[in-house]
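This report concerns only the one structure given below.
By written order: A, B, C, D and E. Residues from 1 in each chain.
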């Protein structure tokens, strides 16, 4: 009885008692959601456009952020460093296409997935070789990212909003809107979806996989750079950041591998669900449940919709 | 003419259905097995303890995952956790009943992991492909959380970790501080050979065919009367059984004590990669994969410095590590490009070429 | 063989590299300094070899097996996860293990773990010191009644180890404990934990973290406006971690037991003989930082144990077995420290066959925005309490590891 | 129809008039499986060439070798050469070939399942640089050829029927405005009416826009009715070739491919099994 | 044309009755109120233009689609929401329009999978591959070899079917369906992509199966000569509705059928 009360009544009582905390929790959830979505977006781009599940997205985030900071430390002005980093991501995209993807065209998804794992290994080694293993600070000021905090008294309590988080939310929304339009409205966007469906058929109608792949990997590289800047400004830039990419998985799956808006909605659901769950129900079992809560949330949604909320329908025909 | 199919006729279906249809293959296998046992007596501690035992353990786990992912086509990222279930239940069993032969408990602990695996396999009826990975990821993180949060699992150990009490087989210690690497190796080798044999029986029979059918086209499989859920769950259970046993072997015969962290998501990925690079749907591929993913970095760690020293380049351990990462990554990509279907296929092609040798086709 | 082989398990790669590399540099540079300055120890050159573990148990065990054949005199796993599987092996292979202020706390009991050393203090010591410090600030331990103390820890055995003690103390002293576990994959993503902190409003926060968890926590604490002077940590954060919190991190406190900076003659020697000669991987400004000096302390113990072993056995080239004895006879009193060029670097410490830890006091230091400032006298651990934990743990280990060998090694007297 | 055949006889045509010429190619799959053992064929400008042969003869493989799609299946051309419009194309990427005007309709449909029928058609125009208006005009033209597609234009291709997908695949290829189309089993799975329709389209494109065709087809009857020239492939070798009219008169072709032995068509009911089975077993 | 040796073909002998079946996917009406029956032992053809709903009809019969309306009675039992594997157990086997073989398996194994339903040895025997497991394996292998011989494909016994040319894949698929020893065999365009000779082979197999084992066959095919020669009765669908039903001769001369499907009279 007591346990039922604790599980089903108390949390809600608490929510109504301290609405300011609820608001703060929701805000934190939204912000983490946006940040997860930024990472997930990189996955979506590549998956949607080539059917490749890119395991290396996490390390690409780290790699981009490290390059940016590394260049800055070498004395390159921040904005130039940003441009140069974009250039590096382009080179990476070209190299990946040449060396990894081109020879593996038309192979099963899981093989390409494995290849991106090889890429991850390679990038980890290369990144550490070039930049060393020590954590670095993101050059948030030099990039004119707002710092600071606004504390508002809302619903009877102080609620804090980090300016950085607001910036992240705005930037992420812009990117996502732009990509969503790109995919559904443009010629290249359509070609990207075609490639994801079938390499073979795409080849046969003259879509240049090579070109397409460079484009999406570059786009994913840019998204990784943005994610790297945002995450870096929040948590510092180090190789352990790549672990966070794992959190992008439930987001991705929840939203559907192929949906750009799905990434953001999935991110928000996971972010908010995780924070609210941990905040109100975590203490019941000793806390730390946000390590798996996201996956369980995703699983529940999947049982209802096996292709994720916005994923393309899984075609089952015979 | 070392390797020829010609002249070896099968007069019964029975002999035609043997695993190794060619005499040469059978001899080859016998040689390998004998050599493997032989290594126990000539191998150094390093070879046995740091190379062969883990290699065998990973091969077993890879066989487990291969059954699920390679044969039945269900992608799983929860291998680490399922190994953990095996290890923790083995610990509970062998501390609760210390007098029973530990090998029995190792084998029994797999059953617990099988049950847990089947439970987490339930969503596979509805969820497929990469999406299914989330169900297994949920298993991975949830179970890992349990390992650390349920102190009962480690008998309320102050260290919160698993340790390996002394256990003997025929009064030779095989688990615990005093067990020699020889003894451990022989136990692991024997178990791995036995379980591999059973797995090969299974995958060649009706059940194996049903798994492959579900993998290749689950809709068609259902239309010819295969119950998809049962078949998938069976694959989850059998696969988790193997992983569980591998987990128990890993903790008690290799590490000799471990924290919950050894069952983390990286472990799951690690084994998945062995399976893919070795060859999905191939038992021998599991061994190849384990060798490539586990042993190759060790070799590189030994070879690289030796290679670089003559050039007057003395480089630090971390640079070697970085190079090792890069080379392993590059090699993985290289092997995939050479043969996307894994080392097992490469092996097969090699044999085929040998069969027609000296003609090119 | 006319050299002594000292393998160093290090991690300059992987998620914990940010902490690991400074430690590695400190360890390496001190030993290298001895080589350069004195030609080794007792005239025998040290062969220093790093083995990269990446903080990964699998690779750590592999490193162990790889160095085992080369007659290592001591092994420093630098990871609790790696230490655990090595403990039973060490006894068989006769290689001492030095897990300096980490690892299995029970291994402080030399009578049960003759091959394992974890000076200068256990985590229980550390926790009791922090509580004592908080009590002092509040004006007495009895003032803790009704207070709320949050415990932010890595969700692993390392982070969980002090919990039983903390809970016991809470019962006795009447304060409330709130636990905030951080999973390894969420080290840099602690907003959930800090939200809960905002909900619970603990009067003090105690942190037990490693790697990027420390920096992440400090950042989040600053972000969520937690008063930094109430935020205390065990001895693992470094300058990088504190710096990442920016100006807001000022006031953050942590336990420490050794000096920072390069004012000590031995560190000057390191500068001169190693860093300036380009033999170090550390950049100049990192020399003398907290974790660097932690590594130096680690090597100080190794070197001292080797020197002791040489004295005890009369041999020049000593083995692991000898160094184990050397370790047990470590006695670093102020005079000895001064002789080593480390006057005032650390509190004195003496180990024995029974006590492999020392249970030395540590002091509290505070981040002033750019460096650590010592702000307290040495705080002694709550001896009795810690002893009780230790007894129980040691007994527990021996019981659960049926067949755990009785100590057969003879006992040496410190010279 | 007879006229077409006669006006564009193959003999005596100079190489500059060959759109496509395949020279003695050999194809190996997976490094060990030898499938084509020296196949040569020519397609002259404005020709319709039929590629006939039993299952597994290597028709599909030949077409894929030409359009360079073999790489994607781990097959490779190990000998011989292929020229299109007078230039070697064996090393070109498939999309470059499409850009130059040679497109293949894959056997077994291969529509983009998650794209709608209309989007499928539009991807066909990927390599074109013309205005949107021109592209939409062509889409409408295809809807005119296949009214069924128009009805289902907004359906996801993966959910359409087999025949609808086949039409979609053919329409999609036509969208690239090619000068040469490699058609692999265009009639498979189509209703008789549509089959006629397709061959009529082939003829129309051929006549009005001088599009050349190489078609692998099992429906020999139809193929030889519309083609100008034919090759018969058996186990990776060309065993017979000649103008369509000639092939149609050949006794063997009649018996094995057209099913008119002794003057009239046999009923499928009366087929006996004593036929020359050996041909399977080589 | 066909030999008049059909002994018991009266209406009581209905094996399967489709009554008023409708099937909708969102706005698409794949089938609208279709009724017909299949009698024991006959060869029943279903024809119609592309997208008429033929494949969907077969999918309803073996439980892959569930009709939105109407009912299907098989062997006197009405089943509404039947899972495909239940249908298979009940004796319905089929081949598919887009070949649905298990690509990585050999011909032999593909057909062996078809025997799965008939194999009973338990898990533990399978593990040991001993006793009942191996006896059963050998026994069924014999049956499968017979099927392979019957279909004249012994030379591709061990080839992974993914590598086979299309026509042979269709044949293997038939083999797999036969291995199930079905009462009702559904064939979806079994002769697509075959040349004449191969069609003749296929026709012979179908007739032999029908006559020797008395298997009832439902057949979709676009090649009119095949349909006319083989089938006892023909259903014609257009836009999901039945527009004709009768003997081949009746259907062939039906004006609506000519108009909708055949084009020119054949």
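Here, a contact is a pair of C-beta atoms (placed from the backbone, for glycine too) under 8 Å apart; a residue touches a chain by one contact, two chains touch by 3 or more.
These are the chains along with the protein names UniProt gives them: A, B = Branched-chain amino acid ABC transporter permease; D, E = ABC transporter ATP-binding protein.
Fair warning: this is a prediction, and the values are worked out from it, not measured in the lab.
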item: Distance in touch steps, counted as few as possible, from chain C out to chain E; value: 2
item: Third chains touching both chain D and chain A; value: B, E
item: Centroid comparison with chain A (C-alpha atoms), farthest chain; value: E
item: A-E or B-E - the one linked by more C-beta pairs in contact; value: B-E
item: Of all other chains, the one whose Cα centre sits farthest from chain D; value: C
item: Rounded Å distance between chain B and chain D, as computed from the means of their C-alpha atoms; value: 47
item: Computed distance of Cα centres, chain E from chain D, in Å; value: 29
item: Chain C and chain D: spacing of chain centres that average the CA atoms, whole Å; value: 74
item: Inter-centroid spacing, chain C versus chain B (mean Cα positions, whole Å); value: 36
item: Multi-partner residues of chain E (at least 2 other chains); value: 64, 96, 98, 100
item: Shared-contact residues (touching 2 or more other chains) in chain D; value: 33, 159
item: Residue list for chain C, restricted to those that touch at least two other chains; value: 12-13, 21, 155, 183-185
item: Pairwise chain contacts under the document criterion; value: A-B, A-C, A-D, A-E, B-C, B-D, B-E, D-E
item: Interface residues, chain A side, partner chain B - complex; value: 53, 99-100, 103-104, 107-111, 113-115, 117-126, 128-129, 133, 246, 249-250, 253, 257, 285-286, 288-289, 291-292, 295-296, 298-299, 302-303, 306-308, 311, 314, 316, 318
item: Partner chain B, residues of chain E touching it in the complex; value: 62, 64, 83-85, 87-89, 93-94, 96, 100-105, 109, 112-117, 119, 121, 123, 126-129, 133-134, 136-138, 141-142, 145, 176-177, 180
item: Chain B residues touching chain A - in the complex, by the definition given at the top; value: 75, 123, 126-131, 133-135, 137-138, 140-142, 144-145, 149, 219-220, 223, 265, 269, 273, 276-277, 280, 318-319, 321-333, 336-337, 340
item: Chain D partner contacts - residues on chain E that touch it in the complex; value: 1-3, 25, 28, 48-52, 55-56, 97-98, 152, 155, 163-168, 189, 192-201, 203-204, 207, 222-226, 229-230, 261-264, 266
item: Partner chain A, residues of chain C touching it in the complex; value: 12-18, 20-22, 155, 179-189, 191-193, 195-196, 198-199, 211-212, 215-216, 219, 223-225, 240, 243-244
